[in-house]
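Letters A, B, C and D mark the chains in the order given here, with residues in each chain numbered from 1 onward.
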Amino acid sequence: MSTIVVLSGSPSAVSRTAALCAHVSDRLRRAGHEVAALRARDLPARALLAADTGHPRIAEAVRLVEEADGVVVASPVYKAAYSGLLKALLDLLPQFAFAGKVVLPLVTGGSPAHVLAIDYALRPVLTSLGADHVVPGWFVLDRHITIDGGEVALDPEHAAPLHRVVDAFASAVDARRPLLAAS
Amino acid sequence: MSTIVVLSGSPSAVSRTAALCAHVSDRLRRAGHEVAALRARDLPARALLAADTGHPRIAEAVRLVEEADGVVVASPVYKAAYSGLLKALLDLLPQFAFAGKVVLPLVTGGSPAHVLAIDYALRPVLTSLGADHVVPGWFVLDRHITIDGGEVALDPEHAAPLHRVVDAFASAVDARRPLLAAS
Amino acid sequence: MSTIVVLSGSPSAVSRTAALCAHVSDRLRRAGHEVAALRARDLPARALLAADTGHPRIAEAVRLVEEADGVVVASPVYKAAYSGLLKALLDLLPQFAFAGKVVLPLVTGGSPAHVLAIDYALRPVLTSLGADHVVPGWFVLDRHITIDGGEVALDPEHAAPLHRVVDAFASAVDARRPLLAAS
Amino acid sequence: MSTIVVLSGSPSAVSRTAALCAHVSDRLRRAGHEVAALRARDLPARALLAADTGHPRIAEAVRLVEEADGVVVASPVYKAAYSGLLKALLDLLPQFAFAGKVVLPLVTGGSPAHVLAIDYALRPVLTSLGADHVVPGWFVLDRHITIDGGEVALDPEHAAPLHRVVDAFASAVDARRPLLAAS
């Protein structure tokens, strides 16, 4: 069993990104992983933007990342890249906060025209945080995510490839654990 | 005379980015332009992160950009890209907020290894905002900026190429005005 | 009247990229511009890859770019970026070959998922060549280009925005000429 | 023991990139790996640019990549990105040629200002080729590589971090083998 933190960078209370994170967390939990949610929008805004790591809520967020074996980083596409809210959270992490960790980038957007934001915008940032392994990510179109009350549903045809990506991420996290234990 | 807004994305009160913005604003003013400063860190944090364009301070920021002929966008390099604070401000602007405008990207950083963040990270975002013309940008090493009391000094050897970039930007802003008037 | 070179980076004899270039060249010619075609695939392969600028055909290509006021750079998307063939041609140009020029990036591809290759992959390269102004580019889906004998047709609904981009490029080229003459 | 192919994208006969590849290949061989060199400049230019996979030399190159467990992809920086020669070779590989493989990106350049070309230009292309794991890459300054006759020397201070990157790559290649065997 690995510990995974799911970091969501959507500023909206009811968002496709948050719904996607809930869906992915659920799948990871059912596979036996311990999953913690870290929603950037729930952090105190002023402390977040000022990178105030002395603030207890910010300190706890940093610790959650530090203790995780794997990190899911999810963002909506805004202006052809990740959200500023997500980046503000990444900015206050230590320079090599993702060292020794496996990272899964997930992006949601209204148009397939933004798919490459994962690999050209988000991935270089995740790599700069020292991630050992940023696995192949996935882009989910907003219209393939349905939110009905508290229930999140993914268009089944499009859920299958997402699940393969999530499962490959979970395998990569698990595969690293003996390596880390031995090192 | 053109109207230029200088948008700064550093979260620090005393920052190299802010000092660079002051230096550039001064040069633009002395050349006869009307210059307004827009510091993301001075905006109310919660309203900024929530993209609350109903908040009067946020609405005023949006209006400043809307009324400008030219926009200077300055950021420190964090995690191989622009700051989350800057991006949060860009995120709440209308999708084509830079249409009809000339934009100058400026980035400060501690290492020349981050120079390409201007063209690979920041420029695509500025382009996605509909900018007609994102002129060649400039990267200033932190150690070439001295802040002594309220006085900002740039290493003279490195100030000259920056000034050429700023003057080329100002010329491009001025050159667009008759085009806009005629259209 | 300005001189424009249209640089095509498709390796195929009958390609959507080449068809798009023909269509764009035609529009520019009818607007009174002098247009020259530079197809990377027509250059001698060995000299191109060896950056042999002493080869007369390569030297002529370099000269065509040098003498142009504007450059259209067109490529198919391969592996989430421009073609290697196009890049091989750009590689042998002088470091600031695009200084003082206006550049229009055009990309063709089979899926809208590759739209951002224009701004994240191609634009930074064009900027590094010293272009004063890389105007907003355009992505054309393969299926919107029909080649029937020698006749190229663009889906009319999708031709209109392309034409606006091409006309804005032509205006920017023309607008630079008095600036250059005065400098 | 794993099979590793070292793909070099420098057009020069005596190049820093080729020297770096020789150095890295030597280290991998001494660690017990089987290493094959694939120099894009040695391939027939016309067949390479035409993506003629029917040509026996091109077919052999494709097969070398197909059979490898790990791929080192090395390029000089030209115009803020990888070389066109390298990209021409990557272009003719099958769309998911790197599926199931571990990939190490290496870049050489004259200035540290180009370091981010690894993560913003090369890495997205390697990811698009379906690589399971693109490990952290490395940038080597030209002046840290000495070529004396056939002997390649790396500045010792700068060799150590390169060796750590190469060894981490080799470990990742080895770690994947049992996973693949089991799947």
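In this section, contacts are C-beta pairs under 8 Å (C-beta built on N, C-alpha and C of every residue); 3 or more make two chains touch, one makes a residue touch a chain.
It should be emphasised that the depicted structure is a prediction, and the values quoted were computed from it without experimental measurement.
Of all chains, the one whose Cα centroid sits at the greatest distance from that of subunit D is B.
Two chain pairs, A-C and B-C, are compared here, and B-C has more C-beta pairs in contact (counted per touch definition above). Averaged C-alpha coordinates give centres for subunit B and subunit C that are 29 Å from one another.
For this pair, subunit A with subunit C, the centres built from the Cα atoms lie 38 Å apart. Under the contact definition stated at the top, the residues of subunit B that touch 2 or more other chains are 80, 116, 119-121, 124, 127-128. Listed in rising order, the residues of subunit C touching subunit B in the complex are 116, 119-120, 123-124, 127-128, 130-136, 168, 171-172, 175, 179. Considering their complex, residues 11, 41, 45-46, 48-51, 78-91, 95, 120-121, 124-125, 127-129 of subunit B touch subunit A. Subunit C meets subunit A in the complex at residues 80, 111-117, 119-121, 139.
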